[in-house]
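Below are two complexes that have chain A in common, paired first with chain B and then with chain C.
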Partner chain A sequence: MIRICLALVAFALLARLPVGFDVGFQFDAALAVIWGFGLLSLVLLTGYVGQVSLCQATFAGVGAYAAGMMFSTFHVDYGVAIAVGVLAAFTLGLVVGLPALRLYGITLAIVTLGIALVFDRYVFQDHIFEWFTGGSGGWRVEGATLFGLRMDSSRHLLAAYLVLLVLFCLVGLLMVNLHESGAGRRFRAIRDSELAAATVGVNLTRYKLLAFGLSAAIAGLGGSFYPLVAGSVSPQPFWVFTSLQFAAIVVLMGVRYVPAAALGGAFMSFVPDVLTRFGHGTLFNRYSYDISYDWFQIAVGVLLIVQLILLPDGVWGDLRGRVVNARSAMRGFASRRVKVA
Partner chain B sequence: MTMLRVRDVSVRFGGIVALDGVSLDLNRGEILGLIGPNGAGKTTLFNCISGVITPERGSIFFDRRSLKFAPPHERARMGIARTFQNLQLWGSMTVQENLTVPMDALGGRNTFSDALHLPFSAYAERASSERARAILHALDLGRHAGTLAADLPAGVQRRVEIARALAMKPSLLLLDEPAAGLDGPETSHLGELLRAVRERFHVSMLLVDHDMSLVMRVCDYVYVLDFGKVLAKGRPAAIRDDPKVIAAYLGEESKEQPAKPQATRTIAARDEHPLLEVKNLAAGYGRLEVIRDVNLFVRPGEVVACIGANGAGKTTTLRAISGMIRPRQGRVTFGGQDITASSPERISRLGLAHIPEGRGLFPRLSVEDTLRLVSNTTGRQADIAEAYQHFPKLRERRRQAVGTLSGGEQQMVALARAILARPRLVMVDEMSQGLAPTVVHQLFEILRVFRDQGIAVLLVEQFVEAALDVADRAYVFGHGAIGHQGSAAEIRADRKLVSGSYLGTAVDAVGAPAANGNGHRIDHALMEVVSVKVPANLKRALEERAETEGRSAGAVVMDLLEEVKR
Partner chain C sequence: MAAFTAYTIIGLSLGAVFSLAALGIVLIYRTTGVLNFAHGAMGMFSTFVAWQIFYGWSHPGWPGWLQVAVAVVAAIVFAALLGLFLELAVFRWVRTRPPVVKAVITIGVLLALQSAASLIWKNNAYHLPIYIAPQGWSWTVADVPISANAVLIVVVSLGLALGLAAFLRYTSFGRSMRAVSDSPTSASLWGVPVGKVGAVSWMLGSVIAAVAGILITPFINFDTTSLTLLIIDALAAALIGGMTSLPLTVVGGFALGLLETYPTIWIQSIGFPRLVALVVILAVLIVRNPRGLRVAA
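== the complex of A and B ==
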C-alpha cells in the first residue's frame, strides 16, 4: 500500500514537473521519455536476454517514420499511427533477430551496427528515397490528434508528455513482471547459458526472435511519439551515434534494471541541453569557459570508464544493491537488539 | 526394452575422426556407463544424442522415433535431459528458478500472459514452484532453494544440475562427468544418489565419467570407447579385467628394461638439493578446488612422472607451479627462490619451461620463426641449428606453418622450442595426447635428449607405461592429491596400484565406509517424499520403528509393503 502511494506521488511529481518551464525544457522532458523507451528496449534485449544490439535508434527511427507517414499521408488519428509505427519496428526487429540466431557478441554487435548505418545513410537520408522519406530535411507534422485530443508540438506538448509518461510506466511495469515470470526466466536462461537453455526445452529460435521483436517494438513505441513531440520527422535524432549512445548510457546506468532506463533517458536528454544553455560564461568573473554539446560525448565516455571500474552493475544497480544491503543490515541489527532485550 | 538405439554414428571435426561407426543400446531402467581415455569421443557422442551437434552418418532412435531432425529443445520435450561437464547452471538465478525454467518450457507458457501476470500464469507459476520444491527435497537441496546458483560450491552445483535435468520429467538422463571435481566421499555419495534417483524418478541414465570407482559401482553395463570406436562392452567387473581396456588406458606394457646408467644417475642425484619443491599446494578454478595438499619435488636432471586418472589434478598442479593460475595455499620454490604466485614470464625466465596441453604453439608462424622467437623472449641468441640437430625432421619442414604439421611434429616443435631456451626444468603436459602409439614412442626417445642435456623433466602423461620407462620417479595422483610415490621401477612393479588408480580398484576400499555414512541422508530424503503421501503420525511411527530396529526407514517400508501384500 505504502509502495503504491509512493509510486503515485512520484508519478504526480514527474507529471507536474515540466509545468511552468519554457518550451525547451518541456521538449526535453518529453524527449527524455522517448529516449527512455530506447534504453528500456536495451534493458530487455541486453539486460534480460543477453543479446547485443547497436541499432536501437534505428528501431525508434522506423517507428517515428512509419507513424509520421501514416499521419501525414492518411491523416488518421495519431493512435493508429502509433500502432503502425510499433508494428513496423516489431517487424524490423524480427528481421534483425534472424542473424542473431547464429551470431554472438562482437560479430552480432557489428552486424547490428551495419544495419544502423544502412538505415541512417541509405534509407533515412539518401536522395533516392527523398520522395519517400523527405531526405535529410525530413518533413513537418502538424495538427495531430490522439483519441480526439489535440496534441500539437507547440501548445499541447505537455499532454503528449503525460501520455508518454503513462505508457512508459506501464511498459516498465510489464517488464518488471516479465522478469519474474516464466518467459522472463527463459530469457534469463538464454543469457546465462544458451546451451543449457536449449537442452532443457527452451526454443532458442522463438525466444531470441521474440526478444528482438519486443525490444524493437518498445523502441519503436517511443520513436513513434517523436513526430508528435518535435512537430517534424528528420533523420538526425536517429542516426548511428544515438544507437551507440543508447548502448553506452544503458550500461552506465545499469543494463539489468528498468528504472535505470528512466534515469538514462533523463540524463541523455537534459544534460546536453543544460550544457549548451549554460555552458558559456566566466568562472569567478575571471576565466571564460565554453562548454558545448561535444562535452557531453566526452563526459559519457569518461563516466563509462569510471562506472565500469567503480560501479560494475551500473549507477542504478549499485545504488539498489547498497539500499538492499543497508536494509538487511538494519534488519539484522534490529533482530539482534530484540534478542539482547 | 531398448530405449535409446545408436547406430553407426560417425562425426568428423575437420580432419579428425571423433566418432567412427559407434553403435550402442540402452535399455529402459538401465544405468549405462560410457568410458574411455581422453579424446575417445565420449562427449561428442553425448552431444549427438542431445542434439547439440549433428552426426555425419548414422542414426539415433529414442523410443523408436528417429532423432535425425529434432532440434535440442524437441529432444528435451521427448524426455532426454542432460547435465554438463563444465557446469552450465544459470548463475544469476536462484536454484529454484533454475528448476522452474525447464518445467515452464515444457508447459508451453505464453509470454504475454506472463507479462500481464494473468491468473493462468499465476497458477502455473505456483504449480511449478511446488514441484521444484519436491525435487529439491528429494535431492537434499531444500535449504539451497533461494540461493543464487553461482554462489554454491561446485559439488552442490553438480547436484543442482541433476535436479534441473529431473525437473524436465525425463525418461533418459545423460550425465556428463558428474563426479568431476568431487573428492572420494563426495563421489561415493553421488553414486548412492544416482541409484536413488533412478528408483524414485524412473529414469534411465547414460553416464560418462573418468572416475572409474563411480562407473564400476553404479553402472549395470559399460561401453568403452577408444579413438572413436567401441573398444569393448560388458558388465563392469568384466570390463575392469579386460586387458584391451587396461591397455587403452595405460598404453602397452613395455618389455624392455630401463637402461642401467639411468639407475646410477638416480643414485648420484639423490644427494643433490631439489631444484623444484612444492609444499602443501592447493589450487582450483572459481569455486572448484581441484588440488589440495600436493607435495612433490624434482632434483636437477631428474625425470619425474605424474600419473593418475583424468581430473585427478595433474594439469592443475603444473599450472599452479608455472604461475598460470594462482595457488590458494602452499609454497613453490624453484632453484632456491620462492616463486609462489609469481608471474608466468618471470618464472619462465628463471628457467622453468611449461609445455601446456595442446602445446601452446602459434599455428600461423613457420617452424623457423617459432624457434627464432626464443631468442627474442630469452634475450639471448639461441642457435637454431642445435634444434635441427636434435630434430632432423624439423629442418625439412622449417618453412611450413606450424599449424599444418602433424600432431607429432608439432610436439617436436614445442620440445625444440623448450630446449633452445636452455631451461633447468621442463614441464610437459599430456605430450602424447591424440597421437598414434608409434609417434609417442619417438617422442619419449626425445625426452632422453633432455636428460642428456641435464635438463630436469616433470611429466604428466596418460601413457603410463611409456612414461614410467623414461622416468626416474613417479607420483600417482587421485582425487586432487598425491596417493602414492616412489621410484619408477617400484610404481611399475605395482601394476595393480597403477591400473587401480585409473580403473577404480584401489579407490573402492576407501569409498565403502563413506557410502554407508551417507546412506542415512538418502533415507532422510525418502522420508520427505513419503511425507507428501503419508499422514504425519504414520511417518513418525515409521521413523521410530526404523530407529528401534536399527534399520533404514526404506527397508521398513519395504517390509510393511510385503505385509500388506500378504
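== the complex of A and C ==
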C-alpha cells in the first residue's frame, strides 16, 4: 500500500513539472522516461537477476523501429504499434537469452556487446533491412491518437510524457512487487549463485529466459514511444554507445533500485541538453568556454570509475543506506533515552 | 583469382591488427584479471596522438621518415604513460573486486576516452591515415599490387607476438608475469612484485594497442568510433585463444581477419563483418566450455 502511495506521489510531483517549459525541455522530459525504461530493464536484468547486458539500447531500438514500421507501413493504431514493438523486443530478448543460458559474467558482456554492434552497424543501417528501418530517413510519425489523447512531437508532447510516466510508475511498482514474489526470489537466487539456485530446484532455463525477455520488453516499451515523441526514428539514439551509457549510468545510480532508473533517465536526458544549450559563453568577459555533449560522456565515464571504487552500491543505494542508517541510529538513541528515563 | 588474392591481403592486414590488439587484451587479462573493454579506445587515443603530431604539428623541413618516427615514438610513450596511469589511478584500487566489476570500470574508461577524443579530434571528421611506409611503395605479385604498409603490418604483428612470447619465456621479469598469471597469491608469496607486474602489463598492452591502431589507419575508416569498436574483433580473437594461449590468439586474429574480409567480395556492406565477429564469438563460446576461461586474481 505504501508503495502505491509513493508511486502516486512521485507521479503527482513529476506530472506537471515540464508544463510551461519550451518544446525542447518537454522533449527531454519524455526522453528521460524513455531512457528510464532502458535503465529499468537493466535494474531487472542486472540488479535482480545478476545478468550483464550491453545491448539494452538495441532492445529499445527494435521496439522503436517495430512500432514505427507498424504505424507507417500498416497504418495500425499506435497502441497496436506499441504492442508490436514490445513483442518484437521481448522476442529478441528471448533469442539473446539463449546463449546466456550457457554464459555468465564477462563472457555474456562480450556477446551482448557483439549483438549491440551487429544491430547498430548492420541491421539498423544496411539496405537489406529497409523494410524494418524505413531506409536512411527512418520512419516519420507526424502524430497519433492514443487513449483518446492527441500526441505528436511538438505541441502535444506532454500527452505522450504523461502516458509514459503512468506506464513507468506502473512498471516500477510491478518490478518492486516482483522482487518480493516467488519469481523474484528465484531471480535473486540465480543472481547470488546459479549453481546453488539450480541445486534447490530453480528452473534456470525458464527463469533466465524470462528475465531476458521481460527486460527486453521493458526497454522496448520505452523505445516504442520514441517515434511518437521524436517524430522519426534513426539509428543514432540506439547505437552501441547508448547501450554502454545505459550500463554505466545504471551502475552509477544504483543497479538494484527502481528509483535509481528514474534518476538515471533524467540525468541522461537533461544534462547533455542543458550543457549544449547553456554550456557555452564567456566567463568574466575573458575566458570563453564551450561545454558540449562530449563532456557529458566524459563525466559519465569518470563518475562511474570513481563510484565503483568508492560507492559500490551506486548513488541512490548510498543515499538510501545513509537514510536507513540514520533512522536506525535515531531509533537506537531514542530507546536508550527511554531506558535511562 | 586476382580479386581473391587482393582480398586475402586485406584480410591478412586486418587480421594482423586483430591479433595485436588481442595480444594486449590477453596479457592484461591474465596478469591483472581485468577484461579490458577500453583496449580499442586506448589504442585509438594513442593513434590520434600520433596523428596530431604527424599532421597537426608537422615540421616541413624534416625528412619524411623522421616525422613518422617522431610521431610513432611519441604515441608509444604516450600509450605507456596512459597504461601506467590507468593501473596506478584506477585498477590498483579494485584488485580484489569481481571480474565483472573490473570490466564495468573499463566501460567507464572507454566512454571517457572515446568522448575526450571526439572532443579534441571531432567524431565524424575525415582524418588522413598515417602511412608508415610511403604510400607509393608496393610490389606487384601475379598482377596483384601489395602495398608496403600491408606487408609491414603483418611483419610487425608477427614480430611483436614472437618478441612478447620470448620476453615471457626467457627473461626473469617475463617469468614473474607468468607466475602472476598462474596465481597472484602464490606469486606474491614467492616475492614476485605483483603490483609492478600489473603496471608493466598495462603499459605493454597499451603500447601494443597503439602500434596496432597506427598500423591499421590506412585500411579502415580512420575515425574515433571505428577504432574504439575494433574491440569486438579483438575480443573474438582473444576468445579463440581461450584468453590464455598467445599463439592461438595470433592464429585466431588472422583467421578472423580473413573470415571478415572474404564475404565482402559478394556482400557490399560495412556492417556485415560485425555479424561474422559475433558468430565467431558465439561459436567459440559454445564449443569451448565458457566456464573453462581462466580468471586471474
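Note that the second predicted complex is superposed on the first by the 327 of 341 C-alpha atoms of A that agree within 3 Å, B and C clash if a C-alpha of one lies under 4 Å from a C-alpha of the other, contacts with A are read in each partner's own complex, and residues count from 1 in each chain.
Heads up, the rule we're going with is that contacts are C-beta pairs under 8 Å (C-beta built on N, C-alpha and C of every residue); 3 or more make two chains touch, one makes a residue touch a chain.
This structure is a prediction, so every number in the text was calculated from the model and none was measured.
Colleague: Which partner does A:V251 reach: the first (chain B), the second (chain C), both, or neither?
Modeller: Touch status of A:V251: second partner only.
Colleague: Mind working out whether A:R186 is in touch with chain B, chain C, both or neither, as first, second, both or neither?
Modeller: A:R186 contacts chain B only, not chain C.
Colleague: Return first, second, both or neither, reflecting whether A:L174 touches chain B, chain C, both chains, or no partner chain.
Modeller: The answer is first: A:L174 touches chain B but not chain C.
Colleague: Which partner, chain B or chain C, is in contact with more residues of chain A?
Modeller: Between chain B and chain C, C touches the greater number of residues in chain A.
Colleague: First (chain B), second (chain C), both or neither: which does A:L195 touch?
Modeller: A:L195 contacts chain B only, not chain C.
Colleague: Which partner does A:N203 reach: the first (chain B), the second (chain C), both, or neither?
Modeller: It touches chain B, and chain C stays clear.
Colleague: Just chain B (first), just chain C (second), both, or neither: which does A:I106 touch?
Modeller: After superposing on A, A:I106 lies in contact with chain C but is clear of chain B.
Colleague: Need the overlap of the two footprints on chain A, from chain B and from chain C, as residue ranges.
Modeller: Overlap of chain B and chain C footprints on chain A: empty.
Colleague: Show which residues of chain A lie in contact with chain C when the two form their complex.
Modeller: Going through chain A, the ones touching chain C are 52, 54, 99, 102-107, 109-111, 113-115, 117-118, 121-123, 125-126, 128, 240-241, 244-245, 247-248, 251, 292-298, 300-305, 308-309, 312.
Colleague: Can you tell me which positions in chain B touch chain A when the two form their complex?
Modeller: It is residues 50-52, 71-73, 75-77, 81-82, 84, 88-93, 97, 100-102, 104-107, 109-111, 114-117, 121, 124-125, 128, 164-165, 167-168 of chain B that touch chain A.
Colleague: Inside the complex, what are the residues of chain C that reach chain A?
Modeller: For this pair, the touching residues of chain C are 35, 37, 90, 93-94, 97-101, 103-105, 107-116, 118-119, 225, 229, 231-232, 235-236, 239, 269-272, 274-275, 277-278, 281-282, 285-286, 290, 293.
Colleague: What part of chain A is in contact with chain B in the complex they form?
Modeller: It is residues 174-175, 177-178, 181-186, 188-189, 191-193, 195-204, 210, 214 of chain A that touch chain B.
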